[in-house]
């Protein structure tokens, strides 16, 4: 599989895109050449895109971005949907006219991980909008295998956020045969967009009581947490140490069967284990700013805890699950309500600011330039 | 553990019970002595009972019953709830006044199966109302370990049918499998009471499309199947061979990810595999009248199918799951609606007739004598 | 993925091959053109091949073959190893000079099964030597993804039989997380080549007692079963119904934890369930000549048995496992000893006769023409 | 279940025991009354005992012991085997004359954990020799359920160390995981007695390459690691940071599929994740002296690692597995060779000193007073 970014293929400058031109904060809305596809790729006209925390890091040019981004200039953005307008000669499973979203992890298909049912941690992974040109543009090139065909009737805004929804599903169901949600008590620590979606997911999978916790007192997100189906929304600001006691009280002192850490906060990490029932399960999705100190004896060992690191989404198990879950209107509406703002793509900066200040949950961009 | 039936303990005749007195069809409503408990047992005053297919077999004195029932006279019935009125001296986890239901499988706790997390198939199992006196009476004796404490506010009729609901959960989740239901397509073959509850269960666990199939054109049950959440209810009478085609058409030709056989019909068994996606899963709960011929090559082997025999309920994983699932009012109401009739206990025969003729789904008995 | 057979690419007739030219028993050793590769394929010079039961069916032109084989003329054979002598322009993970074997299932990579970690039951599967030209030839074409790189030092005869060894591993470990072999009792029903290898595999995975059963009194195979590590080898001829009793007696009446059905005999299928401990597991690999009658109630349902149909090998989990297991000399030697005969390739008929008469276990062919 | 220690039952002082009499270092060899059993208990005459690290902590009266030990005077010690000499009136599964070892975790059988197949983390657990009188004595009282019947022919020294061997099995197979060991590469970090046994266990379960790592250059233990079957034994002293590189080099840069942390060293914890293949598994058995700082992003999250805390042994799955594994003479001999010293029980101090100084691996005590 040929994984080079398509930037070198640019010819005449005839489409709009949001391009990171310098290794510095910000990006430019500018005209570039429409990219050319290779035999195994498709060209997709972007219908809707959405902003991920990663895009904010790239915009801000934080430490992570400085180290991770190799190719500048870069069109960033990776959550989206659009219409296939051209297909390479080797492409067989997607057609011009198909309404697609993108699995954003481009894998080699031949490494040990790809050969053993975990290609989401492929050893030579490339990420759309990070390692090659992304979706904040009029057109984007996708490898055939990364084009996920949507139901033509799916709301484009929802279609665009299926990729992070897949992360929420992966956090809920990290391996096969996780029955610890059905009829059980679950805590979701962190009410960012994926945390919010995870609340809706575990409720949809039959969780009994769902506790959502937030670090601060962000009204927008706490209200959304309720809307997603959380039985109790607890703020660290309010509840402090009593948060643990509250959750134990509400679970016959058993604690939760599953804790999903979606915040990247060291305090939440510690708390995830405090509220966990012995023999319970923790999923870790939130990234931490630095190494975290943990009392492994009490947190994991004496508790016989099972802990799963979450990276990406199983390909394409989670996409099929997302499709199935979204076939339920009530669930689809919940997920749609995580989208708090829509902007024309050229106003991307506005969206990024709202996310940075946590005034928005999910921001969707539409291809108006 | 001392597993002898308590019948020998009867003293003065001072309670009503439905007693199978002869190895022949029928049973008598009669007075017997209130049973005495042993140190590790509790005495429970019956509040509500319900009729299982097994009770119909015992009443009818069919081949299975003739072979299986050892101790006559026998008070039969095993689904119920009631109040603990006396507790043996060794009992620590249940108290007088507790509102309990019964896990009906009494296990030895020491055999290979009990020691390896599958006591529901204990080698020396005894079943309430089959091997020892059951619940169609004013009082019943339970081993401490078999008394499941209910939420005091739970509707007694629902509390009584938690045991078969646990079977539905076990059929849906035979081992640690929730992933194959979440967002996936499921077929439930057979719309008897447990089949109906299984429809509600898999919907509650996030199934995408649920197909319910019935052998005949029983209106009551087909309407209940819809109410439980089935997306499509298909009758073999109507659809015949096209049933398979219909299900394939509705699933992009993939077939269902999971098929739950709840009917005991050889035709349904064969069909379960026809509609199954390769690599999918089948659970078998329905009992067959005789050996069944199956094309194992195409049904199981080429399809790499996983097949699980369902016997009882995992103890007590399913009870905790049932409790958690019933904490949702919408689900609780669905389950309650499977109860189509209520009778005084002395009118048990009427209930049995309604079940035999499939005019009822679940029949509840109340202790009026 | 382009899945057409390469036969149409034949040019000048310059290599030897065993070609099925007519839809009738037998085949011809003849000269044909060396096949040409496409961009994503490699050309491999055959070093060693081996005969599978499937090859015998194709030779005999039995009912299965008549229905299954579409393309005649066909070079058959699929178990092999050889050296890559040419690689297509899109090939990146294999190089000229690599010593490879073949995963014989060629998959589309895009169907539901391929996208959900079970490509071994791909909906558009093509099999080497069945649906496209195989390995009983001087050269064979493989898709890049189907070329498995061997340790250059691996004995070619062993390298050739890794594909059926992978079947044995798949039968032992059909899904993830099957711990029921470690320290547990296992029965292998059927002592054909894959059955024999399965005995060695389960012993290698820590099985306690292993019972091997054979239908007849085939001395070669029964002695090989012992050599593979079977603690007890039982012949149906000798033991009859007492076989079940013997196994129960040897397992404290618990029965075996795992039964691997490798024979395709209805009697063995029934017996697999009779000797199974409640809650145990059965894998079905052997193909049956016709539908089989089974008492599902007692066999599967009351026993809460888990049953797995085995088709192919998980790709490429089993190949990695085979590689790891073969790194142990003792195991490698055991596997090598399943090879009872070696012939020049032109003498394929002799090998096929020995297998048909069960005088051989595994027969290896060397490229002498 | 009545869980009070039996100490209060002591009558006349007529047996020898090693008694912790004061909340201070050391213990006394002294005479005490033979304990009396209750209805559900058995009295066992100690045949062989062995010293666990926990016993060293109790002897040393370290911080953990000061906080954990409630009942003084206390007979400590928990690993052992012996003969049943008296059985309570409610006991049915064990008889006088049985040769037994002890599952040392005494559970209530009624809490959420006990009811959901994880009684090894029972909420009201009591540990033999910690919470109630243990086995460094002539006689010990066991609840019936905790008496594990051994094969009468099993070497008493090996019978005594089955309990820590069960820990090794639990670390290897924390849930139903055998697949990630079969044919896969495994690292065992830490060569104490349980680490050594874990090496033998994973080899027995079909591991390909096994890497054993030690903090220091302890010759006794490093040679035992080889004897257990380690393919490579690496000392941090020798190899330092290159240990990681060495292991990557030996695994085609994939790293190990499974890392078992048995040392309680923060450096080893970090290393376990460095050498882990993405999507791999870590088990944590070793206890840490204090909270440990870990880069969770790189260690667990980006790697999609699965991490299992290990506490005790699954009851009684691991005992059955241990029994099965020990049925193989080669494995039994390996396990026996972990026993480096035998002393009369009265010389317990000598054994404790040898363990503290790491001059011994496992020390066995015989009832000579």
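Each chain gets a letter, A, B, C and D, in the order it is written, and its residues are counted from 1.
Criterion: a contact is a pair of C-beta atoms (placed from the backbone, for glycine too) under 8 Å apart; a residue touches a chain by one contact, two chains touch by 3 or more.
Keep in mind that this is a model prediction, so the values were computed, not measured.
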| item | value |
| --- | --- |
| Chains in simultaneous contact with subunit A and subunit B | C, D |
| A-C or A-D - the one linked by more C-beta pairs in contact | A-D |
| Where subunit A and subunit C are represented by their mean Cα positions, the distance between them in whole Å | 41 |
| Per-residue multi-chain contacts in subunit D, two or more chains | 112, 116, 175, 320 |
| Contact footprint of subunit C on subunit D as seen in their complex | 169, 173, 175-179, 182-185, 204-209, 320-325, 327-328 |
| Residues of subunit B that touch subunit D when the two form their complex | 1-2, 92-93, 108-110, 112, 115-117, 144-145, 314-317, 319-320 |
| Subunit C to subunit B touching residues, read off their complex | 112-113, 116, 118, 120-121, 123, 174-175, 252, 254, 269, 277-279, 284-285, 287-288, 290-297, 299-312 |
